Structures are given as C-alpha cells and as structure tokens.
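Have a look at these structures, which come just after this line.
You will see two complexes here that share chain A, one where it goes with chain B and one where it goes with chain C.
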Partner chain A sequence: MENLEITATKSSPEIKFDASNYTLSIAGESYPENTSQFYEPIYKWVDDCIDALGDKKMTMDIELIYFNSSSSKVLMDIFDTLEDASDEGKNIIVNWIYDKENDSALEYGEEFAEDMEALTFNLVEKP
Partner chain B sequence: MNSLYQHKQDLERDGIIFSFSGPMSHDIIEGIGGAIRAKIGEGNDGDKRAALKVFSIFVEQVENVINYSVEKDPANSAMSFGIVVVGKKDDLFFVSGGNRIETSRQSKLEEYLTKLAAMDKKELKIYYKERRRAGKEEDSKGAGIGFIEMARKSCKPLEFNFQKIDNKYSFFTIKICI
Partner chain C sequence: MLSREEKFIEEFEVLLKTEKKNDSTGNVFYEISEKKLKKLFKGYKRTYKQLTKIIRISDRQQDELNHKSQKVKSLLDNADQGFLSFGPDYLIDDEYSQECVKLLGEDLSGENIADILYPDNVAKNLFFRDTLENASNEQSEMIREVMLSLLPKELLLNRRAIKVDYKCLTGQQFMLVLTNITKEKILERKIQQEQEILKMIVAIVRDPTQFYDLKDDYLTYSANKLSFVNQNLSFSSNLSEIYRDIHTFKGSFAQLRMQGCVKELHVLETTLSNLKTGDEHSNNELVQILEQVDFHVWIEKDLDIIRKILGEDFFDKQHKLTVDDAFMFNIEEKITHLLHSDNQHVTTYENILSEINKAKGVTINKALSSYPKLCLDIAESLGKNIFEFQVSGGADILMPLHFKPFFKSLIHLFRNAIDHGIEDIDTRLEAGKSELGVIACHVEDHSEYIKIIISDDGTGINIEALKQKAVTANIFSQEQLARLPEKEILALIFHEGLSTNDEVNELSGRGIGMSTVKAEIEKLSGNIEVESHLGKGTIVSLKIPIAIYGNLINIASNKQDNITIEYILSPIVNRVTTYLQSDMNININKKAKFSYTHIEKVAVKQFTSYIHISGLVEVSVCMSYDLFLLDKILEEFNHGETIAKEELSDYRESVSMEVLNIIVGNALFNPYDKSILEITSPVITVFDELCSHDMNEKIAHVIVDTEFGEMQILVGRF
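Moving on to the complex of A and B:
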C-alpha cells in the first residue's frame, strides 16, 4: 500500500491516504464530473487497507461541505464495505466531521450512522 | 435587432434570478452553480442554508439534463441541451429544470414522480436509503436517487409537467421549492 494525495478541485474533495497508520481523509466538496471514476482509487485503497490491516486500527475522517447524490451512493458503498469488515472483527473508525452551521452535513452524517451497526461511526462537530 | 428587455422583464416578473438555456456541462455546474451559491449565501442578508439547498437542487437538475436530455449537439453528442432557472417568489426559492425526452419514456417517469410526490418526508427518507443501497436501475446513468434527493429537500411535493412537442418528443419540466 502506498500513500496517495489527490488535490481538491472546485468539485472534488482532497484525498489523503497515509499507509503508515491506515488513515484516509476526504475533505471538501464532492460533485465530480464522473463520480465512479473519481472514487475508483479510493475503493481500491479501502479494500487494500482492510486486507493489510490485521489487528491495527483504521481511521477515516470525512469532512464534506457538500456532496451530490452520486457521491452519497459512493459513500454508502464505502461505509457498507467498512461495516462488513468491522463485523468480521476489524478495528475501524469513521469520523464524520461537520460544521455546526451546516445542518444538512449533520443530517447526512446521522443518516449514515443510523445504518451502521458494527462500524464505529462518530459525528464530530468541527471545533 | 430585437431588444432583450421584454425577455428580462418577463424573467423578473416571475422572480427568476438566474436563467440558463443551452448546452449543459459540468462547467455550468461549477461556474453558474457557484455563482448562485455565492449570490444567495454571501453578504449581510445571506442565507447559507438556503444557498446550499438551492445549489444542491441545481446540481441534480443540471446532471439530469446532461444524462437524460435527448436534445444533443449534432457535432458533440456529449453536449445535452436543456434549461434550468433559479428564482424566488413569496419568500421561497425555487429551481426548475427542463429538457426534451422521448415520449415513450414519459409514462414510466410520470408514474415514478407521482409516487414520490405522494410520499411524506419519512417515507421519502426510507425510500432514499433503500434506493441508495440498491443496485442501479437499468436506465439510470447516475446513482438513481437524484429525484428522491430533490423531493426530500422540496418544501412542497415536487411539481412536474410533460408537454408534447411532436409525435416522438415531449418536454419535461420539474420544479422544486426550497
């Protein structure tokens, strides 16, 4: 597994993978022109990370201001993958970071959290 | 030449703040969408919450035109034509979008939107979650949850219209209020 950084654009988030401590962060806006193409490397990294994880902890920090419905589906797919891995005993934490003035970001986070059982899904207010 | 004054007056009478008719692309979402978001959200009387909601409906509507309009640029089939307007009337923002469809697709779309318009917020939330986890519909080019997303954000049941153009085509319009 290698580190990867993707710079944010107006319509796509900044992506940072740190392979040394199994952390992934996604931050910014998400309405890319081709959503599945944009998120393909992230799916792959998540899969590789779960395979390599062993008994270590994986952390995913997500701080999205706005995301479109295609991105919402992609996020659901990623969370479902993490949920399955957690169900099999992997130690995975998702931090959903929101600004308190952005009530829709909090609502979306709450709705994802409702659908997760084994996965630790924290709603974190931005300081 | 003809003055555009009357056209501008008509737009203003209907409360329209932005109007774009023509070939849609992702650049339109970033450019015009970004401008709409800034116009509504910034300044002393800016409303950031409304700005984000209006922007999100605008994105879904432009993406629908890009994915589903059958009016294409003959020289570039990736360019889809349609119209999207953003306005404010009686203190409510609205976003309306329209594009040409094949009339043969009308009944299925009409049935689907009628179903969504009849759902309350709780039913829409359940349906949204169900569809988000489901596989793609055969004729869907996106995630297939754009209309549900719009219905959830709409302050009234979503409104839509189909107008016959000729024997083969109709014009589809959808309106969401925020």
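Moving on to the complex of A and C:
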C-alpha cells in the first residue's frame, strides 16, 4: 500500500491517501467524465486498507461541495464496504464535513449516514 | 460502478440454471439454502436502499441547481447590462439577461444577432459577421482580441446609445455584453454644449462691437425680410441675393459661435438651395417661405443664453455705444460740409476728421484682426493645424464704414483656405511641408487702393476639377474653357454655386461663400485675382480702391482735377465690365485694353447720354455706344421682345440713359456719405462731339471693346 495524491480539477476532487495513518480524504467537486475509472484506485485502496488494518483505526474525511449521481453511488458502495468491515470488528470512522451555510451538504451526509449501524459516521461542521 | 449489482444478477442467473428441479407432478422449483437466499435478499435490499437514496439526493441536487441558476440569472438580470451568447450561426442562445430585452426587444432566442444590431445597414451587418467568423477561425487569442476590437464599440439602436463588449467563449460561441450608455452620452453632450456656450461668450466678449452690429443687422433684416423680394426682379436673382445674405449671416454667427442661429440658418439655406434646382418658382413662393421664417425667434435662444451669463447690462452698453457712434457720425458729416464750403481752414478740418476716425479706431488692420484667432478655431474644428499668425500692414489706413460688409464676407475666404486648402498632417508631411499649415494675411497700401493678400500653403486649386465642375454646372463648355486663360478659370471659384468641395457642411461647400466675397468687393469697385499652384498653395489678392471717398476730400481741395477724374473713372469702368458681362451676358474683348487718353475733344456716337456729378467734385460722366451694342443691351432689357420701328429710337434713348444711371449710381453712390456726391438725372445729348469747358482740362476717355461693338466712357467737364 502506497501513498497517493490526486490534485483537484474543475470536475474531480482532490484525493489523498496516507498509508501510514490509514487515512483517506476526498475534497472538492465530483462530476468526472468517467466516474468508475476515476474512483477505481479508491475502491482498491479501501479494500487493501481494510485487509491491512488489523486493530488500527482507519479514517475517511469527505468534503464534497457538489457531486453527480454516479459519484454518490460510488460513495455508497464504499460506505457499504466500510459498514461490512466495521460489522466484522474493524475500527473505521467516516467524517462527513459540511459547511454550516450549506443545508444540502448536511442533508446529504444524513442521507448517507442512514442505515449505517456498525460504521462510525460523523457529521462534522467545518470550523 | 454497478459491478456489485452486475455480479449479483450473474449469481442469480447461475442459480436459476443450476438449482432448477422438477417434482413428480412436473412443477418446476428451485432448491436454495437459507444462507444463500438471505444473501440475495440483503443484496437486493441494499440496492433498493441505494436507489432510494440516490433518487432523493438527485432530486435535492436538482432543486439546488435550479435555485443556483435562478440566483445567477437574477444577478445578471439586475446587472443593468445585457448578456447574451450566440454560436457560429449568429442565432441568439436561450439564455440572455433581462437588460437585453430592454435594449434589443422581446423574444430574442433564435433571432439573428447581426440583423438585430444592424437591421438597415447591410455593409455593417456583413462586416460584423465576417469579423466574427474570422475571429472564430483564429487560433491565436491575441489576434482574436485584435479582430474583435475592430467591431464598433458603440451603437445607436432604438434611440439608445449602447456600448458593446465582445467576448470569445469556447466552442465557437461569442458573448456580447451590452451597456446602456444613453445617460452618459446625454451628459457628454450637455458638457459639450456648455463648452460651446463658453466659446460663444468668449467670442462675443472678445469683440462685442461685432456682436452688436451683427445682432442689429440681423434683426433689421428680420424686420424687413419681405422687402428683399423685389417683384421687379426675376425669382432666381431674388433667390440668389437672399441666399447670399443668409449664407453670410450664417458665417458671421458661426464666427461668434452662436450655434442656435447657425443651425436654423443652415436649414433655411438648404431649403433655398433646393429651390435652385428643379422647376421655376415664383417670387410669391419666396415671399411665402420668408413669411414662415421666424428670424428673431432663432436668435432669441442664443440671446437668452448670453443675457443669462453676461447680464442685461451687456445689452445696455450697446446702446451707449450706438449713440456715441451716431454722434460722431453727425459731427463728421457736418465737418465734411464745412470742408466743402470753407476752403480756408482745410487743414484744421482734416485734422479733426482724422481725430474722429482715430477715435473710432477702425483701421484696416483692426478690421481684420479677429480673423487669425478665428482661423485657429476653424482649423481646430476641422481637425487641422495651422501656425498662429497676425495680419500685417494696414495699421495706418482707416476703414471706411461702408467696407464693413466686405470685411465680413472675408470669413468665407479664410474658411475656404483652411477647409479646402490646408491638408491634414499626414498629407503635409508626405509632401515635405511643415506639420502646421501656413495662412497669411497682408495688407498693402497703394494710397489710391489697398490690396489685401490672403494666402495659404495648402493643396492649391485643382484646375482640372474646377473645369469639370464648370462644365457640369453649365457655366462654360469644354471649348470655351480651352480658350480661357488660367487666371479666369481660377476666378471660377468665385462663381455662385460652384464649389470644388463635394461635401456640404456648416462651414463651407455650397459654393456660395466665395460669390459673396465677389459681390461685396464689386460693390466697392474692387476686384479679385487668384493665383494657385497645385500642391503649393493659393494666393488671393483683393484690390479695393480706397481713396475714392476718403482721399476725394483732399484731392478736391487741392484742385487736382485730373487725379479726381481718374478716381471717378476707375470704379465706373469696373462697374461697366461687370455690368456688361454678368448682367447683360456680353463678352468683352480682352485684347483691347482700356485706354486712358486725355484728349480735349472727343467724337461721340449716335446715342450718347451724360450725367452730372456735383458736390466735392464737379464732373460729368458720358457714355456712348455703337448701335449694335446698344441694341443688344436693349434686347436684354426687353427680354428679347421685338420693338416696333417707330418706337425704337425712344427705347434706345431710354436704355442709354438707364444704363448710365445704373452704373454711375452703383459705382459712386455711398449710402454712408450722401453729402459728398450728388448725382443728377441722365440726359441725352444731341451733339456728335464733346469738348472740354477749359482748354487746360482734359477729358478722360476709355473705350470698352465688346463682342458687339464699342462703348465709350468719358469723364470730364463738358
């Protein structure tokens, strides 16, 4: 597992993997031309991370201002994977970061958090 | 993205194939473990949940997007600027801001932007399309910017001034940003008007006398406007006369920057100009036009502004000045009378007269002094540059009062020199000339006459173009022009209605100004000579006999009668020439020059009339004609109608006297100094020769040789 950084573009978010701390952050807007292709390495990283995690803590910070439907599907698949892993006893935290001014962002976070039982899904107001 | 769901479906398909069983009755059933079923159910449930979430999020996002675009639209709609875009087909896209509707009209979607911006101007419409097409094909952003900068930045549409910014968007799309700048333009115009008013005030304050005179002349003209249509004259000669008056007024008001008057007079001038072509009109029509004209209303607007700024006082001062002037004039007149009757104190009287003139202070130089500044103004308004200059000479010569209209008419000459003579800077530099044009005005004192020389170092008169105009205007035929010397062709610039400039503006171009100069100088028995070199410039020399009235006093008192006779003779000969050529259409044979021969006894022709002049000088003027020439004049008088034989002799006598009366009257009559000369009625003489009263006194004798025979002019005491 290696570190990886993808810089943001107008239509895709900034991605940062930090292998030593098991952290992943996604920030920006997400409506890439080919969503599956863009998120492919993230799926892979998440799977690898869960395998390597052991009893360590994994953190995923997400701060998305705008995202298309394909992106939301990708996110939900990742959350489901994390939920399953948490169900199996893994220590995983998702921080959904939203702007106080942006009502929708909070609502999307609430939507994603729903039905997540084992996974710690925090809604975090941006400082 | 949907790989899990696809796997899930695959798994289902395999299940349907592999686990298919048949019971004894032939019913199909599937054997599946609880674990497997639960897994499948879990997968299906998850997909269902994801789907409902996605739908909710998507709906929510749609709302948010709508809200945001509404916000952007509202921002743009309230920006007081029009935003619109269009593609290579010039059809306006659906999204445009509200201000576009205000500026360009409703329902813009799908309309052609080129046709909306340039509905009537095909050339501009095409230029707009071509420029945008070229810009959209251009790769370099810089060149594209340059191309777009060629498009007009301001448009006048639906009575609004609109500023247009052009932007290149991606995908061959263009965007226009429209700003309504009508208010700014109105403000700009107001500032300009204020500046114009300021210039007017400065011009008036600089030369108040000129303003008072012009105002009074104009108002007098206004009050007597109908009297200028002389029912005894033809429509066209009345029209010409009035047209010239209006043109001169316009020029004089322009000199004082009285724009209100200038504009109205310009319109009237155009109306009159239109009457010149087309069907013959009647004098009554001219009267009707003049009746409808409110000359005094036109000036009132300008006067109101002047009154507001300079105060009512300014107009009061004028009256004081007029009283002064009239008072001096009275004294002058009385002294002139005394001078005539009391020969013993000539020097004293002369000194007083000279003092009065000095007090009035109008020297020839001063009379011209406003022109240099005016020339700079004219040059500026035409976007040209000239050196500052001063009128040289003429500082010791007093200007006779009746010279005023002539001096006023010179405005046309100066204007012409700048407008048609001086070239723009680029042309001048190319021609190796100084950047600034040179206009010069010099006065020469030849004691019996003055010469005003006005020159420019401009483009010169294009003789070929002038000839062409003369032919087009039916003034001369090609053949006649070929025979004319250059000087006379150049003199055509003073012909009424002939301009070498095709464009009529408020300054020049109607070809009327120059003819005004000619008409005015002829009233003073002067003449004009033009010298012009193509590319080098033009020199106009104006020669005016100045001594005829002023010096007459000295001459009469000194009893130098021979000189006196010449002073009388010169304007009369000048008059005869113009009269025969312009009024009678009779050509004068130039080969035979005028000869001044002093002889004691002269044989005269059959029809001879004379007129007696008294006052400062005692002298008679006599004219006699070859019969053929007299009949030609008679024919012209009678408009070609034949005269019964028995009446012919009477007619010839009348015409002979009438011509003499007209010529002497016009040449010597001075409306300002009626006391100086008195002219009796003409008389027919029965003698066939004339002798001098005194053997020592001689008769001046001039023969004018015309195409129809000779005419004699004699001046002397007989």
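We take it that the second predicted complex is superposed on the first by the 127 of 127 C-alpha atoms of A that agree within 3 Å, B and C clash if a C-alpha of one lies under 4 Å from a C-alpha of the other, contacts with A are read in each partner's own complex, and residues count from 1 in each chain.
One rule holds in what follows: a contact is a pair of C-beta atoms (placed from the backbone, for glycine too) under 8 Å apart; a residue touches a chain by one contact, two chains touch by 3 or more.
It should be emphasised that the depicted structure is a prediction, and the values quoted were computed from it without experimental measurement.
Asker: In the superposed model built on chain A, check whether chain B and chain C fit or clash.
Answerer: By the criteria stated at the top, chain C and chain B clash after superposition.
Asker: Contact-wise, after the overlay, does A:33 reach chain B, chain C, both or neither (first, second, both, neither)?
Answerer: first
Asker: Tell me which partner A:76 touches in the superposition: chain B (first), chain C (second), both or neither.
Answerer: A:76: touches chain B and chain C.
Asker: Quick check for you: in the superposed arrangement, does A:111 touch first (chain B), second (chain C), both or neither?
Answerer: Once the two structures are laid over each other on A, A:111 reaches both partners.
Asker: In the superposed arrangement, which partner chain does A:10 touch: chain B (first), chain C (second), both, or neither?
Answerer: First partner only.
Asker: With the two structures laid over each other on chain A, which partner does A:48 touch: chain B (first), chain C (second), both, or neither?
Answerer: Touch status of A:48: no partner.
Asker: After the superposition on A, what does A:101 contact: first (chain B), second (chain C), both or neither?
Answerer: Touch partner of A:101: chain B, not chain C.
Asker: Select, from 20-28, 74-82 or 110-118, the region of chain C that bumps into chain B once both structures are placed on the shared chain.
Answerer: Only one listed stretch clashes with chain B, namely 110-118.
Asker: What is the shared patch of chain A, the residues that chain B and chain C both contact?
Answerer: In chain A, residues 35, 66, 69-70, 72-74, 76, 80, 104, 111, 115 are touched by chain B and also by chain C.
Asker: Where on chain C does chain A make contact in their complex?
Answerer: Touching chain A: residues 1-2, 4, 46, 49-50, 53-54, 56-58, 60-61, 64 of chain C.
Asker: If you look only at chain A, which of its residues touch chain C in the complex?
Answerer: Of all residues in chain A, those touching chain C are 35-36, 39, 66, 69-70, 72-74, 76-77, 80, 104, 107-108, 111-112, 114-115.
Asker: Spell out the part of chain B that touches chain A in their complex, as residue ranges.
Answerer: Per the touch definition, chain B meets chain A at residues 26, 29-30, 34, 48-49, 52-53, 55-56, 59-60, 63, 125, 129, 132-133, 142-146, 148-149.
Asker: Which residues, counting only chain A, touch chain B once they are in their complex?
Answerer: 10-11, 31, 33, 35, 65-66, 68-70, 72-74, 76, 80, 101-104, 111, 115
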